[in-house]
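The structures come next, written out as structure tokens.
Below are two complexes that have chain A in common, paired first with chain B and then with chain C.
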Partner chain A sequence: MSREITIIALKYNPSDETSKPRFAEYKLPETAGMTLYIALTKIKTTIDHDLSSDFVCRAGICGACGMIINGKPRLACKTLTSEFKDGKITLLPLPTFPLIKDLSVDTGSWMKNMNIRVNSWIVSTQKTDISKFEKKIEPKVAEDIFELDRCMECGLCVASCSTAIMKENFVGAVGLNRVVRFSIDPHDERNDADFYELIGDDDGIFGCMSLLACEDHCPKNLPLQTKIAYMRRKMVMV
Partner chain B sequence: MKIKYTDSLIIGGGLAGLRTAIATSAKGLSTIVISLVPVKRSHSSAAQGGMQSSLGNCIMGEGDNEDVHFADTVKGSDWGCDQEVVRMFVQTAPKAIRELASWGVPWNRIKKGDREVVINTKKTTITEKEEAHGLINARDFGGTKKWRTCYTADATGHTMLYAVTNEAMRLGVQIEDKKEAISLITKDGQCFGAIVRDLKKGGLTAYVAKGTLIATGGYGRIYKQSTNATICKGTGHAIVLNAGGYMGNMEAIQFHPTPIVPSGILLTEGCRGDGGVLRDKDGYRFMPDYEPEKKDLASRDVVSRRMLEHIKKGKGVMSPYGEHLWLDISILGRKHIEKNLRDVQDISKTFNGIDPADKDKKGWMPVLPMQHYSMGGIRVTPKGESVNIKGLFSCGESACWDMHGFNRLGGNSVSETVVAGMIVGDYFGDFCKKNNINIDTKMVEDELNKQDDYLNNLLKLDGDENIYDIKNEMRIIMQNFVGIFRNGKDLKIAVEKLKTLLQKSKNIKIKNKCRLLNPELEEAYKVPMMLKVALCVAKGARERTESRGAHHREDFLKRDDKNWLNRTISYWKNEDDLEPTLKYEKLDIMKMEMPPAFRGYGKKGNSIENPISQKRQNEVDKITKEHKGDRYELQEKLMPYELQEIYKEKNQRLGDENE
Partner chain C sequence: MLNADIIESITGKTTKKHKSRIPAKLDLLQSITGLILALFIVFHIIFESSILLGKETMYKLTMIFELEFIIEGGSPIFISILAFVIFIILIFHAFLAMRKFPNSYREYLRFRTHTKLMNHSDTNLWFIQISSGFMLFFLASIHLYIMMTQPQNIGPFASSDRIYSDVMWPMYLMLLVSVVLHAGVGIYRLIMKWGIFDGENPRKNRVKTKKIIQIVVVFYLIIGIFSLISYMKIGYDHRANYGEKYIPQMELKNEN
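Then we have the complex of A and B:
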């Protein structure tokens, strides 16, 4: 038989002067295979039309739905309600990112700044003739780049990082991982000194205190600590 | 009044919109891209399988070229496509993929020597050539003669979208996320921009532009069950409809056989490719009864149809989310699954708590055919401009350009987005450059006020309808009456019911009166938009009394080239109409490079032939027979088409010297 679950969510609309942060409590019957996406959709369409959250792909692919779920930063669409034995789930918006409303936060602006900060693109003086053969790449190298390219800018590493909470401009594991990604890409002409220019400071590679929370919470299981350590070794030598 | 000016306004930041933005900013035009969500979360990121492009690098792609890709695409479309557009597309696709490689997409690369693959459920060894080592690899996909689908594991859309966004950022394209276009600014058949709602604060701003391009993706969410992201609601189509713009072939909707229930997340075709089977509530493998030859591996539309037919016979499995069938890959064994179908396992474990490698029934995954892709869309010329609104362009899934006709091939869609971004983006840029507009601020102000009043009035409505119920009902109607199997009776009911819902949506009541961030208010203006799109689909389907590609009529089982070799145009004649007006655009067989014939799969002899097809075929045969010269010259003789010179260039391939 299905049980009843309780979802407690922070409600607050900063753009409305009369709004005060409060917790709303919702009770609903659990269905087989229910995810927090299904549960919140049910709440939004039947109990509280005013609840805001960010779901796009609802498949754990796009990185939109990060929340603090019973104290841990996680993707809500990939979280099953059945995991919580007492049937009580408390939801808070991700910290560090500006709150839009309730569980919806502005990850977009933060990620945009990070992308610009670390020049998150291929830098090359070569002009590609697109009707001719592509540059050959060792299969293993392509796979290694792909591994790091899997980051979906969900921001869970940022939300779980002590440095990021204290330092507004810290690029986070997501930013440092991105730099490593481009540094191993044969299409990119930047050298270590160029990357040092971008991240060789306390808002970059030297801000990380190696507390490992980022890697613990990364839904893509990216080897963030190893990669950050690798980058730090290189940057110290510059 | 808040007004923002730009040369090019691009609505939608998926692959199509962002690649267009790169084209316009390369021309020195100021460019703004707006998107409902941070652009890297656009639905393009969900594409898994890959991108079609006839590089012909890998051994199983040997001999591939534009001609083969062209033929596959035209057959796939069931001859509903614009063949000139398909030519533009296949010629540019190899360039698109090479460009993407230079922007950092880590395409899977070929390793020389032997490797083991599974072909027709049998383990086979193939040997990659020495000179291909390090070039872009490709995999097999449905409906293609060669292995042509290039990929980055199962996250192709993700890596493509990141590379294109990064390049757009490098060029300084202004990307504004959490912004929604809610109407177009038009006057005397010309578009001057859009009214945009800020989804972070709730306010309205007029974006005035020399040219406006819509790249808002598909409209799958009008269906109860869809593989599409929650944001694929067709609002981009609706704002064009509201401005009087034409849609093309809106009834052409693709359904995929094996999304998982209830989440609708896609499970790749590879499950069945490797030997997995479908089962019913009794655990019975039913596909061989329907399709003795191809069984579970018949084409997407055929399998989807058979599955529903079987459920209608009472063989579906009941669940809290409705009926479904099972997909069984447990028979492949744990070792195979954990190596070759890792992601299927991950999805199934996470979302359904089922490990598909578990023996027997325990490992079966619940599946049901669901809406997957929108072939129809904003009807545009080969240059991407709306056929009836000047200064308005569209590309990507939102457009009916029209290279997919009534069925698109897997891997051809992400490919279309970037290719169209290149080609249409260039034409669009030229238009913006030439078009010096005189802005009539009164007109801008009028449209802004109109939308402002509209939202205020929605809040004031004091009816007894609930917008969530209306939406839910619409999605169920689409699911049940405008689905995979269609017939005149159901479609008639659907159109009438949808009309009633559209009427009802004017008689709602919104509880929360907040004008700024109010999810209920958002539903209140979006649902009528979705209803208009749904009505175009339903009415188009009702009138089309034939079966073509994914459009299947139980009461008209044949493809009818005599009467229906045309494109449905739907539009809103008067603002207050409750249904679209339809008309038809004829396809000219005498201009086709490949006149209508048998697709090579599906039932043979299942079409009503047009005598002109044979006449044109004879002509084509004659030209081909008498032709002296290479395949490029022959193509030019058969069906000349216009394309930018840089994109028309010959594509270099291994073995070119043998041609």
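Then we have the complex of A and C:
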């Protein structure tokens, strides 16, 4: 017989003047292989139609369902309810991002601004000729770039970061990762001094305190520890 | 006031139209001053623990620091100079490190709630570091001021009298715990911050580094506490002769 689990979720709608922040408690039967995403869907369809949370892919690819699960920033779709032995799970929206409602936050606008801020694109004076193959690069370099490109901008690194929690302008590990990605790309003509202009301050690389919660909570296991240290070494040499 | 400073404060750009390099220098200097202080502590605690090997060993070591091998009878002024240099580095390090502290109610609330909820080991370590760092503003200053102004009062009896009869032991106990924790966490974070021992497998090396630092911290706390107890015992036995300096074995033999 399946056990009953308790899900406690923060409920608040900042755009509704009558809404007050509170915790709502839901009890539901646990099913085999149940993820938090499934549990939330169950709650929304059978208990509380008003509960809001984000999702798209349901498979740990899009990063939309990030939330604080029993204190830890995680993806709801990659978290099994069976992990929690006492069957009690508390859910909070990701901090550091604008709250839309309940567990739903606006990571999209934050990520868009971050990408603009760190010029998250190839900067080159070469005219692109799409009738020709792109300039070849070493397979190892390509692998390194692809590795960093696996970031899905879920925001868990930002929500786990103490600097980002305190300083709202901090660029976060996701932003620093983008800069490293382009700095190692031979197609990009920018040099270290150019990258310094983007992240060479206390809201950028020097705001990072190396507490490595970003590395420890990244659902894609990106090498944030080494890449941020690499960027820091480069930036102090500019 | 320099026009360059006015321009940078208004526009965020230097007169060369680029971002200031000062944040980079401050970040590096924070690490360098921290490293110097941590290395100083590594040796300092070992040297002061020489009391565990006996009064004579501690006395001889004190005389080496008073440069007895160069100046006959040694001179405590060198201890004052060393304490002054360390004090200056400490003030500079504290000034740089303070930039990272939560500096408003909201920042503190967000940080503490976040730390408690997440219970992430390295984030918890940073809370230990800022708490111990805050304590060191006061405790290290007291200790260094005494060393600058009374360098002659270092020795098996003089130090023990200070610790026991002058009731400095509670201060030294708090200083020991906070400085060892602060330096231990600081060295670990320096290694992570600059990727010093990343090697082939940075994640494995991080776990290894943390384990080694934990062992070193426990070792330093143990020898520090035992030497404090040792000074306390000597101070207790010597309470009737408070202020009397230690006479080395060699001089005692000559007198006899």
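One rule holds in what follows: the second predicted complex is superposed on the first by the 238 of 238 C-alpha atoms of A that agree within 3 Å, B and C clash if a C-alpha of one lies under 4 Å from a C-alpha of the other, contacts with A are read in each partner's own complex, and residues count from 1 in each chain.
Here is the rule we use: a contact is a pair of C-beta atoms (placed from the backbone, for glycine too) under 8 Å apart; a residue touches a chain by one contact, two chains touch by 3 or more.
Here the structure is a predicted model, which is why all the values come from computation and not from measurement.
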Partner chain in contact with A:Ser52 - chain B first, chain C second, else both or neither: first
Partner chain(s) touched by A:Ile61 [first = chain B, second = chain C, both, neither]: first
Which partner reaches more residues of chain A (counting touched residues only), chain B or chain C: B
First (chain B), second (chain C), both or neither touched by A:Asp185: first
Touching partner for A:Thr226 - first (chain B), second (chain C), both, neither: second
Touching partner for A:Asp149 - first (chain B), second (chain C), both, neither: first
Footprint of chain B on chain A - complex, ascending: 13, 15-16, 31-33, 35, 37-38, 44-46, 49-52, 54-64, 78, 80, 82, 100-101, 106-108, 111-112, 115-116, 119-122, 124, 126, 128, 130-139, 142-143, 145-146, 149-150, 152-153, 182, 185, 187-188
Contacting residues of chain B [partner chain A, same complex]: 37-38, 40-43, 45-46, 94-99, 101-104, 106-111, 133-137, 152-153, 155, 158-159, 162-163, 166-167, 169-170, 175, 177-178, 199-202, 229-231, 262-265, 319-321, 347, 350-353, 468, 472, 511-512, 514, 516-520, 523, 646, 649-652
Residues of chain C defined as touching chain A within the complex: 18-21, 23-28, 99-100, 102, 107, 110-111, 114-120, 122-123, 125-126, 189, 192-195, 198, 202-203, 206
Residue ranges of chain A touching chain C (in the complex, touch as defined): 68, 71-73, 92, 95, 160, 162-163, 165-167, 193, 196-197, 200-202, 206, 209-213, 216-217, 223, 225-226, 229-230, 232-233, 235-236, 238
